[in-house]
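The structure's right below; bear with me while I get my questions together.
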């Protein structure tokens, strides 16, 4: 799609280990349109966090990006120099991390940590910066924002910390926000509030796309128009939220949805997907889900399926549909 | 440090292996570690020298031969192989003195470490296990003493009892027992809440049995690592005290005192400090290397330097 | 902050009270008649002297009476009279105190100023040649005791090169620095500095070794933390990441250890003074022990303890300033 904001093609990110290269992201492809809310779903270890960090080129040694393209607003991010990349971070692409207490610098004031973004990317003076930060704190729903500016992270509750981080992420109105499990570390009631906030902010800033990374389909379905499902470093299915829930096509997605416990049905048995995730250092040949797939064919164990477009925004990587 | 680790790697498999005997494992680990090997060899040499000192020394360490005064080492002009590293201001053979002093230092260190290991661990164990007001008070005392300058404590003891072997032992013991107390206490606190301890309590095992049979063995790795590293510090502290004249008293040779004697003759007879100096450094480095190896292998939780 | 300061001061007072108690009781604790022992070493010591000293030391008083007399005497600045020097202990201490304080404080500051950049650089360049050299030097720095290092320095800089004097002191370095600047004459500073360099370096060496390693290891921990990743995600230049965020967090454990190192520093200073004949409290104290000069020992230990406690509180305040979380740790 030529009007896409972000196009990831066959991205590969690996980590060096004593036993060989661990393939965190193994040929993943993904598209995000301007202003869209896309969910990135998968179980722990499927590489979704690594994918998010790769987009911002925040992968630290022993990890490195080894292949693919990341097209953002017409430029391949993987070819940019360090300085140009730094200019993008925080201003055009922002990130919300998982554990808010761990994300904030414990010895700096909350307001100052948000102000840094304006300090790095704008020419505004200190007073103007402070004013803007207080405005933003108010927008994310932090009471008494002017006083709270001077607080330290440990003086905020988990929910408020995350609001502050969201304030930081959105203050420069970036075109893309990557939210990596933003609610996982929070209480359930607070989760709903944060999701609400994200939705409200995303709707009001029409030009901001969001990638919501999560293992929880429930969370994703509340916020996102489209969902991408990841398994073992690859995107194996892409569809609108409604379609994914009603008509999952890839056997893994089917299993994922079937394994979600439902509160409205009595006496159900839990249906986990049998088996475990493949070794990320030496993956099996062919389709990586084949060992656990109830519908695996011989072809699946030899040839890796490719993500194919099924039309009207759906893609699936599965030999069943080839 | 709060929070998580950004270089956290995505899921990978772990390898499980069978467990051979403890000694076999120890030597296998040792052989793989260059610094462990070096340290181990040095320590073995040290202990052997200390044990066999009178046999190894070529001369009587306290014999003053006035015609041999200030004799340089064998490689210098005027030196002889008879006095390999020369003689001191009283004509005593330096090599013999260094060897005999090894025995002194090792003896002091072993006595002190034995005392503080037993006493410090006992206090830490009891304090951590039973808690309460006694624990709070004891730990206040420990924290304070940990930071208080060793020399001032030593001076007070020396003022009362005068310099000598037993005063030295007491001073070093008083100064260093707190490390063990704190370590064992913190380990005990953690282990006290462990499942296997709870299980033992629930079937009626007595406090004493829990402490001795369950908690103590699990603190042993940490204790041993600390003991090893502390021995080096104790040897250095003893040398410092002897250097000041406040430690081992003549005529017993000690490295510190030898350096103090040699200090006055640095211009002409530098070899008087070289022997004991090298002995101290090699000993300390060797013990530290071995201690580092132990910590890396068996107790990586301790903060590293 | 205020409540904490008061609590800390009370703790300090408790410590000093304990020291006063032990010091005062020294006379009673010494086995045998200490005056006789003093007399043995001092042929000029007459029986009158002996009686006078016994009186001064309070040997004729009961324990309680003695304690009261000694303590009230302290408040009047009465620290006893040195037997050997035949002067008030307070005078002797006042003469020597600046030397020790200067040596200790300047060496400590200097050591930290060195340790921080070394720690940061070896952390950033982990695994490189710079790091390996740093590790080797640090291991040596910890294994070579201060007094030995001092002697090795003398062998090199005095005997071999003839650059620096092996002992003594020529006035305060800090004052000399000031005068040097005011009168634009570096020679003034050098005159004082040349005596100061080796003792300070020998004392600082192990402090630099320990702290640079500690800063390195905490920096390595800190750099891996999520909040550093967050700072990068904001588009921060590398300098800001390391200096504004990583370093400040990495210094906190170092400052904690600083408190523990103070004791080590003072012990080291006392020993170094004896290596270089630096005219401070350390030399005074060791001499006093060798001469069994009890009043002087009492006074020296007491004053040193007070200095230690004062420095200790200062370090604590610095720590609280650096780490705003400490409030919670106390609750």
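Going by the order they are written in, the chains are A, B and C; count residues from 1 in each one.
Operating definition for what follows: contacts are C-beta pairs under 8 Å (C-beta built on N, C-alpha and C of every residue); 3 or more make two chains touch, one makes a residue touch a chain.
Quick caveat: nothing in here was measured; it's all calculated off a predicted structure.
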Exercise. Could you tell me which chain lies farthest from chain C when each chain's centre is the average position of its Cα atoms?
Key: A
Quiz item: For which pair of chains is the number of C-beta contacts greatest?
Solution: B-C
Quiz prompt | Between chain C and chain B, distance of the C-alpha-averaged centres to the nearest whole Å | solution = 23
Quiz item: Between chain A and chain C, what's the gap in Å when you average each chain's C-alpha atoms?
Solution: 54
Self-check item: Interface hub residues of chain C, defined as touching at least two other chains
Solution: 224-227, 229, 249
Quiz prompt | Interface hub residues of chain A, defined as touching at least two other chains | solution = 58, 60, 98-99, 102-103, 106
Self-check item: Set of chain B residues in contact with two or more other chains
Solution: 2-4, 6-7
Exercise. Sort out for me which residues of chain A touch chain C in the complex.
Key: 53, 56, 58, 60, 86-91, 94-95, 97-99, 102-108, 116-117, 120-121, 152, 154, 165, 168
Exercise. Over in the complex, which chain C residues touch chain B? Could you list them?
Key: 15, 22-23, 26, 29-31, 138-140, 142-148, 151-152, 154-155, 158-159, 166, 210, 213-214, 217, 221-222, 224-229, 249, 253, 259-260, 262-267, 270-271, 274-275, 282, 285-286, 289-290, 292, 294, 297-298, 300-301, 304-305, 308, 312
Self-check item: Sites on chain B touched by chain C in the complex
Solution: 1-7, 144, 146-152, 155-156, 158-163, 232, 236, 239-240, 243-246, 256, 259, 262-263, 266-267, 270, 273, 277, 280-281, 284-285, 288-289, 303-305
Quiz item: Which of the residues in chain C come into contact with chain A in the complex?
Solution: 224-227, 229-237, 240, 244-245, 248-249, 252, 322-325, 328
